[in-house]
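Look for subunit A in each of the two complexes below; its partner is subunit B in the first and subunit C in the second.
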Partner chain A sequence: MLKVIAACGSGMGSSQIIKMKLEKVFKKLGIEASIYHTNVGDAKSQAANYDVVVCSESLIGTFTNASAKGITVIGLKNLLSEKEIEEKVTENIVNKQ
Partner chain B sequence: MFQKLIETRRYSFHKGFATWEEAVRAACQPLLADKTIEPEYPDAIIGKVKELGPYIVIAPNICIPHAQEGVGVNDTAICFMKTEEPVHFSDDPDYDAKLFFVLASADNTIHLENLCELSELLSDEEIVEKLLAAKSVEDLKELP
Partner chain C sequence: MEFLMVVWEFFQNNVLTKPQFFVGLIVFVGYLLLQKPIYEALAGFIKAVVGYVILMVASGGLVSNFRPVLVGLKDRFDLSAAVIDPYFGQAAAQASVESVGRSFSMMMLVLLIAFSFNLLLVLFRRYTKIRTLFITGHVMVQQSSTALWLVLFCFPQLQDAGVVVMLGILLGTYWSVASNLTVEPCQKLTEGGGFATGHQQMFGIWFVSKIAGKIGDKKKSIESLKLPGFLSIFNENVVATGILMLFFFGAIITILGPDMMHKIDKSFAAEQNFAFYIVEKSFNFSVYLTILQLGVRMFVSELTESFQGISNKILPGSMPAVDCAATYGFGHPNAVTIGFLFGALGQFTAIIGLLVFQSPILIISGFVPLFFDNATFAVFANRLGGIKAAVIITYFSGMTQVLGGAFAAYFFMTGKFGGWHGNFDWDTIWPAIGVIMKYGQYVGVAAVVILLLAIPQILYRQNKDTYFLIAEDYDKYLEVKGEKE
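This part shows the complex of A and B:
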């Protein structure tokens, strides 16, 4: 089971949209995952307990530490685009397994 | 969703704004007028964007100004604003927005339903095209 954290500035808007879209994409690709959504501060402190962090591209700088520790960090330009999410999940998760 | 926004007068149309801060404040105006939110809510939204960058721009032309639950929010709502000219959130044109959906949440269940509906609607390119072409409330009447 893949452990995923979806992060945004406040934890109540964009991160929930990311979670909804990720659920659809994971289902389509047959990936089993649990997705937790929260704000960036919380995500940053908890990232070490997760396999993947997904956030808006503008927030990716917050997770350089996580990324250095080998956690996959995915930045999204268009949170509503299932195509972009699917491409990035395939590139960063599926192809690395 | 748009019919409810029309009924509750939670919408506005503007030509453009010199700064994104002014745009966010204007987008919040109908919610301030009906006391859904208090003046500290737009302040909280602006503060977060200044701290973290333009993360509220979620897709080309689309922005969802919002801040944490509980800060100056009395009710759960969505409020729409459309600008003719793009509002710049940074030097990068990828973070320009014309469609604003202010989110306020006092009840997480209703908020999630709103967000789910909004995300479905905005994932429909045809609806986004219609919103980008909308000039007045008359044009909203044709939307779901």
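This part shows the complex of A and C:
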């Protein structure tokens, strides 16, 4: 089971959108995952307990420590584009296994 | 007949006037209607009830943490004060609604009617020209709260059913019309990203998209700028609120002085150091805000999910209107920081102005409008008018937020409980709507609804052939547009 954290500024709106879109993409690709959505501050301190962090491209700088520790960090340009999410998930998760 | 009355009274005393159970009931019934299994409906019920109670505890905490400072300002300088932030605004609205002896449960009904009305307008979009469905749950909760107080303030005699229906239609019209205005700016910014903005500054986005190109030069954009690294700490809600509150309350409490604070705040122990008392008091706001957001997230995530489901299921071709942060990926990270920075400068300038001209109300910057409104404006302004537009627009937006917020908190008297909604549309168009409602009464409300509904009609008349195309198929829109030129 893949542990995923979706993050945005307030942890209310866009992280939940990311979560819903991720759920769809994971289902399509047959990946089993649990997704938690929250704000960046919380995500930053909890990242070590997760396998993947997904957030907007503009926030990716917050997670440099996490990616240095080997956690997959995915930055999205369009949070609502299932196509982009699918491409990035395939590239960063499926092809790396 | 008497039996029915007993049942109704029981329902009224135990559910209808207890918002937590009322919200829970709505979620429970909603899940059953969406044909989810009963155990999921039950889980939704529990999360909604618990989330709502968390929210009530936190907003009570916010208001009571603020109270001694408000009392001090009133005694010493005859001033009232308000933090301009949607969470403080929501807490102040709730306190205001309850202070006139009305039930805050209505907020949830207002939200549902407004959402349904938006849905209806989209369903009949060939006639109404509304292309967007507003699905940002937490914003809908905040706006329903503030707007509920506005209506009760303007129509104190109106019965609950009347309040709920009238406001539901008014708010639903605003959600539809304002998010519909952002279709063009958003589609152009995201090059056909397929979403509009459903947030708190939609009229602002539309306005920025009209003026940004005229103010600056889009070739001189923000990307080349190097910003100091320490600014990134403002990305974190808790940290940013802590710093802002320490700054403002530090200043206010220092001016009021330790003697006065001892007198009005029982929680300030005799042996406690004054500086540590200030820090504790200021950080308490971060504490309550975090708790409040936890509560909102708990009961709103269920709501947003069902709204998203509805929007996918029955409305192909329409656009979801989502959180403004969804646009940030399409702007350089610098744009977000620049917006915050110059928005803050604008707010501080206006706050100093309020002090100099002895305004009866003091405004304290809240994090959400400061960051989310101005960052959004900067992203759009930078794309259309470069760095110059981003700087100038966010500076003036910061000033507008303070001045509009000050007027609103004073006029609608939420300053009594220390808060006002504070986001851009709620410092401009909504105070105007409130004033029209206050003096125009029912005629005023009808006029506002009709005027708002006329906006998409005008937009449609300007671009008949591409009006729906830009929302449905952006590539084709570009083709048609290219042929025309």
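Please note the rule applied: the second predicted complex is superposed on the first by the 97 of 97 C-alpha atoms of A that agree within 3 Å, B and C clash if a C-alpha of one lies under 4 Å from a C-alpha of the other, contacts with A are read in each partner's own complex, and residues count from 1 in each chain.
Criterion: a residue touches a chain if its C-beta (ideal position, glycine included) is under 8 Å from a C-beta of that chain, and two chains touch if they have at least 3 such contacts.
Please read these numbers as outputs of a predicted model, since none were measured by experiment.
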Considering only touches as defined above, state whether A:S81 meets subunit B (first), subunit C (second), both or neither. both
If you stack the two complexes on chain A, which partner ends up touching A:A48: first (subunit B), second (subunit C), both, or neither? neither
Looking at subunit A, which of its residues have contacts with both subunit B and subunit C? 8-14, 16-17, 20, 39-40, 56, 58-59, 62, 77-81
Looking at the complex, which residues from subunit A come into contact with subunit B? 8-14, 16-17, 20-21, 39-40, 55-56, 58-59, 62, 77-82
Okay, in this complex, where on subunit C does subunit A touch? 136-139, 190, 193-195, 199, 232, 235-239, 293, 296-297, 300-301, 304-305, 308, 320, 322-326, 328-333, 336, 368, 371-372
Complex contacts: residues of subunit B adjacent to subunit A: 48-49, 51-60, 62, 64, 66-69, 94-95, 103, 105, 108, 111-112, 115-116, 119, 122-123
Listed in rising order, subunit A residues that touch subunit C in their complex are 8-14, 16-17, 20, 37, 39-41, 44, 56-59, 61-62, 75-81
